[in-house]
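Take a look at these structures.
Across the two complexes that follow, subunit A remains constant while its partner is subunit B and subsequently subunit C.
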Partner chain A sequence: MSDIYIICVEDEPQVLDVIVRDLAALEEVFPIELAHSADEARELIKEIKEDGHKIGLALCDHIMPGDNGIDLMIEMQKDSFTENTRKVLVTGQAGLEDTIQAVNKARLNRYIAKPWDPKDLLEIVKDELTQYVIREEKELLRFMAVLDQERIQEAIRTKGYV
Partner chain B sequence: MPENKNLSKEQSPNVIGASARPVYDKSNFVKTIKDEIPNSLLLKSLKKVFNEGEVMLSEKDVNDRLYIILDGYVAQVKEDEDTGTQIGMHGPGDFIGLLSFQTGEPVFTTAKASTKVVSLCFDHHSFEVFMNEYPQISKTLQGLIFSNLADRYRKVVMLHVEVANLSRQLEEERNHLKQIIRELERTRNALISQEKMATLGELTAGLAHEINNPASALLRSVEYLSENLPAMAERASALPDTGLVRYFFEAGAQREFTDTSTHRSRMKELKTIYPELSRTMLRTMAEMDAVVFEKLKSFMGSSKNQPLLQLLLDAYQSGIFLNGIKLSTSRIEYLVKSLKSYSRQGGKDPEVSDIRQGIRETLQIIGNRLKDIKVETEMEDVCLVNCFVGELNQVWTNIIINACDAMEDKGALGISCKADKERGLISITITDTGPGVPDKIKTRIFDSSFSTKTAGGDFGLGIGLAITKTVVEKHHGSIEVKDREGGGAMFVITLPAAR
Partner chain C sequence: MPLKKRNRSEQTKKIAGLLLGIIGFLLPLLVNFPGLSFAGHLALGIFLMAAVFWMFETLPIYSTSMLVIFMQVTLLSQQGIIYSDTALPKTPVISHIDGIWEVPSKAVDGNRVYVAEDSRNYTPIEVNVLEWGETVKVSSDALTADTKIVSDIRHKLVGYKPVSFSNFFGTLASPIIILFLGGFMLASASVKYNLDKNLTNVLLKPFGEKPVFIVMGLMMVTAALSAFMSNTATTAMMMTVAIPIARQIDMKDKFRIMLTLSIPIAANIGGMATPIGTPPNAIVIANLSQQGINIAFGTWVALMLPLAIGLLLLAWATMRFFYPPTLERFKMELKSRFDRSTNAVILYFVFGITVLLWFTEASHGIPSAMIAFIPIVTLTITSVLTKDDIRALPWEVLWLVAGGISLGISMENTGLAMWLVSSISWELLPQLALLLVFGLVALMLSNFLSNTVTATLLVPLAVSLGTAGIAGEGFSLIITSLVIGSACNMAMLLPISTPPNAIAMSTGYIHTSDMVKVGAVIGIIGIASALVLATFYWPVIIN
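On to the complex of A and B.
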């Protein structure tokens, strides 16, 4: 069975360390992978694709050396492999124009301001992943343990399969 | 001397008018003499003709001649250091050399024939003879001489009055100018602080990012540690050797970063060896270098002792977070310090400061603009300048931000500071690899009316370089823009070194 990955793109190693920690509760169901730049992220996405897995969610910083986070997300939106990946911007600063771009062109789903509250982060990530699996996955039972149980149960009922 | 046209020549041949001060008619006087010349050997012998441009009297010479102009005009010239100033023009009936002839003082002004001049030229002897032979004409002559002197005196008095008037006007002008300069200074200061606020606005947006990153790491690391340390300590106390926990804690604090793809392949590798371990555990293990990992392996055995393994991994992870706290704290501290010193208004008096410090702070503060720019600094010399630190920092900011704009945030930024001890000068060179400044606008980019930035699109007023120049000049320095070798712009700022 293919895995659904969470990828985190962030140029500051210390920030990456703490994001991974905050999401650890999801890791057994949704493996987390990291990238320090848009280039590393491209390589990572390629690898995940080649291994036959999926990417359910991308958490992305905006200002990074090389291409910025929004450029990367727009690119992901254009690629059918990552088109349906939930996209979350985690940033200390993105101008209005950048954010508008991200919403319009990258179908940005969420915006998390740094520094974040870990509960909010986890809630947002769970919420986004719940939407992702309901839309993309047939076998939903295995996500019950870590995601929004009520909505998944509801989805199982309406879809009519387990 | 003004002639009174209303007076009739018939009243008296030479002395006209019955007012308190007789007015002598020069043309009548000249005519009388001219009429007399054909009949007088003396007068004939005294007749002297000058050609146009001929010098009749030279300034500073001793003079024993008195000329009466009968025809033509004579220019009176006061010689300055290199050029002459014409101070008067004399015509028929006027005297040349009167003062020096009478007093024996050196000639005061040079007399030069402006046209062909016909004159009578007396020396002291012939003057005496003339006075005796023509008592009637002499009377007029004396009157004219007196009138001439009186006229000169009047002119001097008028001149004094005029000078006084002019001085007063000058004084008024000067006060007016002073006021204008004060207003200009106020306007300039207002503009400087306006532009400074605009730059600061731009900077704080970037700073938010710069500070929020370490702040996130800091907050989250502290929370993690405060949640886990107590339990860890408890678990560690159950171990026979607590030094072990310390070892992994310290190893974590000294962890070095590997790139994510190496880390990923290590994780995959570990996963095949220890499929029963969680990804979180594997991730931490993949961070370890060979020595630390060997040590860990010796405690893993068949990895049945998971609680111990978890404890050691937690210790390692805690070390990572502790180091993160240290790094983040010092980064925030440095940023705040830089900002404080950067935006320092400074007192009324300049202070001696090493400008390299200001440049480093500026680079730190606009760091988020420089993420994709290779910054090469060459700042070995100590560069002490008597300056207003905050204002000079704005200079560096303006030029560096301009460079970033020009390079569209990709390229290389070069900064060098050199101290020329012999000439007492500090020169700062800032280069970029952008398109450079076209020759035809090189001279204009420091004008306040010149901007390539479009209105409204930027935070600043687009007068950054004009202000930059003002600030540099306030520090008695100069700024110029050149071409960087290999393309791009090069700004050179020269400042006097502090003594």
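On to the complex of A and C.
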């Protein structure tokens, strides 16, 4: 059985800390890994892949030193390893053009505007991860306690087995 | 990371299981067990290997079943590698003096010799052994100058008449499997057209909004549905009803435990109520029908329903005692919107007719497995179920059961089951004690193993107690099998005991200790209740 990671890509350490704090409820089931730039993120993705794990969700800032977040997400969309990863943009500075790019080319799933309400962030992440595990995972029980229980139960009902 | 550690310990378990299984298979080939035929040794090897693989889950349990069938076909069938080209070794008896015959010592089994009829069949006859030696001098009226006897009593054809390989393969199309397939199709279509959800909402309404009655309603409906659908799907569906209620309860309120625990318990219990409720029922029915005992659908329900209802009430009362509610009432949103599309209406109709015919078998006499073909045919002809739906049926459950039935065939006809049970002097045991032993063993095993596997391992033993006639006064094959079957369904002590338990546990609302507490009460009182029914009620229904 492999782990499903959440990766956060954000150049400001304080913001990263806040994200990790807001998502603490999930960390027991979904390990959270951090990257400060697109390059670090690429390294991280490679490591996770080599260890045989998966990436369920990527939270990305847009404006960062080096490559920007949307370029990174487009890259992830093209790579079969991260194609199904749920992609969430967490930013205050993405313009309309950039956002359209992200939606069309990276199949962006969610957009979270800075600053955010911690509850909203957790809800969105739970919602996206629920979607991910129902689509990608066979064994759903281990996610029940932290994700959307009703939807996971419903998925088990239609499959007929656990 | 704890996950890695778990992976490693699982790997150790797998390797240990694999080694033990192989040892189990080889052991009977290397050691000669007196009193067990050669074929019995082969069957014992397959039995030990399968038991180990099932217990350790070295392989997925359904593939162990497939392996069992494969090994039976290769090793024990008439066309297999061992029996395809074999004949009984024969020797004529030699006249010594009047009425006294000389036979080779290897041809004498105690005070019997086997008269060969043809290359595969023989009849045992009793003889008076007069003198032992290189050759044995015996006397018997049945022997004549042209009698040929089997010259080696340890030969692989002695004690076993190989059956055709199609008998083993055929288990996958045995009536009980077809009955299950019909049930699966009805259940799959019900989920597809949300019949299960809508029925639940309708049936729950009369139970009102008082917490304890809501739980009673949930339990009754869960049990009723799981009698026809898989316990797992029913549990998941009912959980979607229970979760909105659970959200209205404070995290610390113990009533949340009652609410969450009530559903898997009811699903486990409900499975007892009909032949298609859970796979262990299939094992019981299949083993009995091989002995020529057929249990009608309605008869099964009449036998088991009182037990199921009793256990539901017991579980309800137990949980009410342990986890009393504090809230006065709950808001329930029960909206039922029955699908009115043509396909859905066809399903309602087929469902109704099928269940009606199942319950009225006594009046029309058509076996339930034949009736089960009505949904199979109509739901596919009308495209209520499409090719994709058929592909998504739980075929592996059918394989699991078929392997179990197949193993039972060899345990019986190689004399293995009889050999296993004959080491205990059962006739000294009162009937009630015998039932208690079987019930408790089944309960204990199935708390840790798959319920189906437990039934597979135990029911053939009970059957051979009956056929061997060594069980003492008042033994009833049906009742013993029923006790085993129901005990398998009463195992709900641990999260691993049944899939419904695992689902309830995964919500995080309950602790293992809660499950153990209530599960222990149900297990112990459940066995006791089964014994009461076995003594006073079941004999009345069966006769």
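Assume the second predicted complex is superposed on the first by the 162 of 162 C-alpha atoms of A that agree within 3 Å, B and C clash if a C-alpha of one lies under 4 Å from a C-alpha of the other, contacts with A are read in each partner's own complex, and residues count from 1 in each chain.
Criterion: a residue touches a chain if its C-beta (ideal position, glycine included) is under 8 Å from a C-beta of that chain, and two chains touch if they have at least 3 such contacts.
Owing to the predicted nature of the structure, the values given are computational and were not obtained by experimental measurement.
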{"item": "Partner chain(s) touched by A:158 [first = subunit B, second = subunit C, both, neither]", "value": "second"}
{"item": "Which partner, subunit B or subunit C, touches more subunit A residues", "value": "B"}
{"item": "First, second, both or neither for A:95, with subunit B first and subunit C second", "value": "first"}
{"item": "Contacts of A:14 with subunit B and subunit C, given as first, second, both or neither", "value": "first"}
{"item": "Contacts of A:22 with subunit B and subunit C, given as first, second, both or neither", "value": "first"}
{"item": "Subunit C-contacting residues of subunit A that also contact subunit B", "value": "31"}
{"item": "Contacting residues of subunit B [partner subunit A, same complex]", "value": "205-206, 208-221, 223-224, 257, 259-261, 263-264, 278-280, 283, 317, 320-321, 324, 327-328, 368, 371-372"}
{"item": "Touching residues on subunit A, where the partner in the complex is subunit C", "value": "1, 3, 31, 141-142, 144-146, 149-150, 153-162"}
{"item": "Subunit C - residues contacting subunit A, complex", "value": "1, 3, 6-7, 187-188, 191, 196, 230, 232-233, 236-237, 239-240, 243-244, 392, 394, 499, 502-503, 505-508"}
{"item": "Subunit A - residues contacting subunit B, complex", "value": "11-15, 17-22, 24, 27-28, 31-36, 40, 43-44, 47, 62-66, 91-93, 95, 113-116, 118"}
